[in-house]
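First the structure, in the form of structure tokens, and then the observations on it.
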Amino acid sequence: MFVYQKNLQYPVKIRNVNPRLASIIISQYGGPDGELGASIRYLSQRYSMPYAELKALLTDIGTEELGHLEMVGAVVHQLTRDLSMDEIKKAGFDAYFVDHTAGVYPTAASGAPWNAASIGVKGDVIADLSEDLAAEQKARVTYDNILRLSDDPDVNNVIRFLREREVVHYQRFGEGLRLAAEKMNEKNFYTVNPAFDR
Amino acid sequence: MFVYQKNLQYPVKIRNVNPRLASIIISQYGGPDGELGASIRYLSQRYSMPYAELKALLTDIGTEELGHLEMVGAVVHQLTRDLSMDEIKKAGFDAYFVDHTAGVYPTAASGAPWNAASIGVKGDVIADLSEDLAAEQKARVTYDNILRLSDDPDVNNVIRFLREREVVHYQRFGEGLRLAAEKMNEKNFYTVNPAFDR
Amino acid sequence: MFVYQKNLQYPVKIRNVNPRLASIIISQYGGPDGELGASIRYLSQRYSMPYAELKALLTDIGTEELGHLEMVGAVVHQLTRDLSMDEIKKAGFDAYFVDHTAGVYPTAASGAPWNAASIGVKGDVIADLSEDLAAEQKARVTYDNILRLSDDPDVNNVIRFLREREVVHYQRFGEGLRLAAEKMNEKNFYTVNPAFDR
Amino acid sequence: MFVYQKNLQYPVKIRNVNPRLASIIISQYGGPDGELGASIRYLSQRYSMPYAELKALLTDIGTEELGHLEMVGAVVHQLTRDLSMDEIKKAGFDAYFVDHTAGVYPTAASGAPWNAASIGVKGDVIADLSEDLAAEQKARVTYDNILRLSDDPDVNNVIRFLREREVVHYQRFGEGLRLAAEKMNEKNFYTVNPAFDR
Amino acid sequence: MFVYQKNLQYPVKIRNVNPRLASIIISQYGGPDGELGASIRYLSQRYSMPYAELKALLTDIGTEELGHLEMVGAVVHQLTRDLSMDEIKKAGFDAYFVDHTAGVYPTAASGAPWNAASIGVKGDVIADLSEDLAAEQKARVTYDNILRLSDDPDVNNVIRFLREREVVHYQRFGEGLRLAAEKMNEKNFYTVNPAFDR
Amino acid sequence: MFVYQKNLQYPVKIRNVNPRLASIIISQYGGPDGELGASIRYLSQRYSMPYAELKALLTDIGTEELGHLEMVGAVVHQLTRDLSMDEIKKAGFDAYFVDHTAGVYPTAASGAPWNAASIGVKGDVIADLSEDLAAEQKARVTYDNILRLSDDPDVNNVIRFLREREVVHYQRFGEGLRLAAEKMNEKNFYTVNPAFDR
């Protein structure tokens, strides 16, 4: 089970609103490679993971990503406080606003609501960890792109923290994959399952 | 942020596998009225909730639902351990198995992956709480239906616990709605926003 | 069955085109809380509704919402007549135009086509009516937001009429829920189904 | 606007329940080529249809399809009344039942909720009528397949009526297309728009 | 099987970038009536097509559409090379850029990822060919709209070629439908299947 | 552009029909990790791939996957020829049959139509190749599962060929990733982009 702790993992204090930027950053809330997908992917993959170390890794990172989801939500929220209708229209934020006002809804920047089709749970050690490595790289690119698009230091500060964490997760999943390959070798399994390769 | 605590909110100990039942219960993992939708709905609605008591209520219930998601995942997992191909085929579990093996994937019993279109975040106190009341009733019905379909006491024990929690949440959201109505009256707002009703 | 009557429920006469506003208002045609969802939700819930008064209520409101769908379509249509390519591009209406020209397609303002995942039919009196109460509140907020974004009196006139109807429907569904609770009591059923609560 | 008339267009009186058959027939309620899609397609295409005769045709057929939607819903409902849990499980109806009990929800037989991606509104006379001709043929095939799968005379009676209506609609849309081609010739337009073909 | 040939079917040489136009044209890559849908529709319908001439027609056109998909991708790519962040933001291309940088992703202009719900494979000669006729008309309209929105001669040159091919395909499918009707008559079948019409 | 060659990459000759198995194998046609997704993913990623060798690799594998898509379609087709209604119903194939007869439609075994949300095109060398490595592993698992579920030697023969190709692709993408990392080092770029890591 999960226990909520009142502080964010890293503080979010944004001084200036910017609804356009919010409508881009929301992709890390509910977009194809965002934090919602990350947390649900890892927390779901745990059940069929046969090795305790890797199950713990998935739990650990999955729980941290829930905290990142919260942080991205806070960024979006702070960028959209007390907007005038004029600011909303100029930023093209009206298409989001009409259905969600200034609420935080799990959608991609493109407008597509989050869909579990964007995550994979294959019930296979190697495939699931490969999925996770790809996921971390895709999230890293999304943060890169946000940094390219944003010049708000209050935002970039947070985004840089989140981006760095994805890099760390990528490395940890890399170690996890090596560990898995070793363990499978011991039991005479390979990345390409020899039971089917003979 | 969230801290993981190793125990489940309520213990899950299922002695007999039952892939058919697993493929029904998974709807409370990733179905239209399941625990994934519940937790993401409440945790997302928090940001635009203007009253501290209600923000706390959403955080509190949203976090608990994450624990329920975990419990439902554990039920599905325990019902699908060490299956033979024969058991899988007889149960019609092959359509799930081909893409997820015995992993736990956020899907409805119908086979549709979870889609955020099934939750509402409107950025409006009354609408969001009404959505939550409906959500709890819909989750309650899904648990009712699982209880109607299952005769495994190990499973039903857990489902009854989860169902009871939804009833409690429904009551708490009902109190929340009353509280919100009062607060809005103080500031001269009504359920039907008088700014537009004049 | 349904009979078409040539007049709209409330007249729509819009003098000035405004493709940007059309692309926002279309969310009440095919968006998550729009009139398509409303009518299909209520007309679908009728079948399993056990009480004649409530079945009639669903039929009645569901049929009226079909007429509202038609009105919203008329608003969108009148706001997008005889546009120049320049008007289309300046309004960002090109993303819609390329696939639908000036046709009226059931989509959200966000660009997501209407999806039945956004409505609930649970086959349960209390859950379905709670869903309906939430739906009316969510539609009301969407109309509020359109009124916030639009300053065209010809449009707002129509939107105010539609918004008012949602408030009336909300009240009628509220009465419906009270009626249902009473009826269920008579037969010794409660909101929380005692068959499962013992 | 629409007026509800209490009788069905054609009577539905089914004596024997059959949840398996219901779960197939529901595709004509909310499946890719079903009556929901038909009615929304035609009623949506009306706005941009430039010729009064064709606008009337779309209104006329679209309204009739709403009545067919109602009839298909009635078939599904009557096939799923008073089921025992045993009947539900044997028929594989449990995957539907868990989320909708015996309510009628707009889904395909495959389990995918209805999605407006399955209909086209192009705002172009020829394209829209071609879409409609295709739609009627696809609906006709679905009814053919239901007739192949069902041996319940009470059901087939209704399905044959509905199938026949699709054939009539196909012919009427064919006449509509011929009419449109003539009208466009008068104004020096062709099926292949000469403005772009020079 | 397919063999790749290094040249495009028709050359794409675009001198000036234009991210806004790219974000519109991409609908012919991954939108509801685009080339991805076209190729997959025809190549999938082949299997159940009973007549060799029509199977060959589907293979032929389906393969050509794969080449058109490639051409549209090339247009989108060339319109989005070496963009500055400023150009990206001004064009509203940031919503696409954040998730795909300058990669080519199968999405509609509206932002909805391509969904197979937008194509029909009915396993019926008449229905499938009617679907194909409609598809070609819908693609033609999309190209018409691109030509209306674009004033880049390098782009329009390519789009005109692609549009013309759709018109040719429409005519070929028309001949295919006449051929099918004749063949079915020989075996005593009609457009309206007499086995069910007696 | 693509040229069609009449033979399959590997012959498909299945003697016995088996609609249940067909409804599982179709996931490699239109499921989350199937051949449609594979080919579109690689052929789409080509445009933004900066290195000629890797562009060629994507074209090469993407084109081969189109041939695999064709082979999987042939397997599904041959497993569903000349079925009786009785065979269809016993196999639970009726839910597919009602909407597609014996046509081959791009759907997952679960019933969800193919959705581009299941593929990633990030416009970033490392992320795209990581996505591809994961994709090949996920496809490999799906083939493993088909081999676990099927005991038809005619089918397994083909599936084993396809599975082996995925393993080869995985290795080639692994080499591609190493090549990319080297190339990026030359230009002073790392897997974790130092421009953002300083």
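Annotations
Read from first to last, the chains carry the letters A, B, C, D, E and F; within each, the first residue is number 1.
We adopt the following convention: a contact is a pair of C-beta atoms (placed from the backbone, for glycine too) under 8 Å apart; a residue touches a chain by one contact, two chains touch by 3 or more.
Given the structure is predicted, the values throughout are model-derived calculations rather than measurements.
A count of contacting C-beta pairs for B-D and for C-D identifies C-D as the more extensively joined pair. Listed candidates were A-B, A-F or C-E; the one reproducing the D-F interface, defined as more than half of contact pairs identical by residue number, is C-E. Rounded to whole angstrom, the centroid-to-centroid distance between chain B and chain F, based on C-alpha atoms, equals 33 Å.
With each centre defined as the average position of its C-alpha atoms, the distance from chain B to chain C rounds to 25 Å.
With centres defined as mean CA coordinates, chain D is found 40 Å away from chain A. Residue positions of chain C touching 2 or more other chains, listed in rising order: 32-33, 92, 99, 101, 107, 110-113, 115, 117, 122-124, 141-142. The list of touching chain pairs reads A-B, A-C, A-E, A-F, B-C, B-D, B-F, C-D, C-E, D-E, D-F, E-F. Every residue of chain B that touches chain C in the complex is listed here, in rising order: 32-33, 112, 115, 117-118, 120, 122-124, 126-127, 130-131, 133-134, 137-138, 140-144, 147, 160, 163-164, 167, 170, 192-193, 196-197. Residues 85, 88-89, 92, 94-99, 101, 107, 110-113 of chain C are the ones that touch chain E when the two sit in their complex. Of all residues in chain F, those touching chain B in their complex are 20, 23-25, 27, 31-33, 92, 108-112, 141-142, 145-146, 148-149. Listing the residues of chain D that touch chain C in their complex gives 1-5, 7-9, 30, 36, 40, 43-48, 59-60, 63-64, 66-67, 69-70, 73-74, 76-77, 99-107, 113-117, 119, 121-124, 128.
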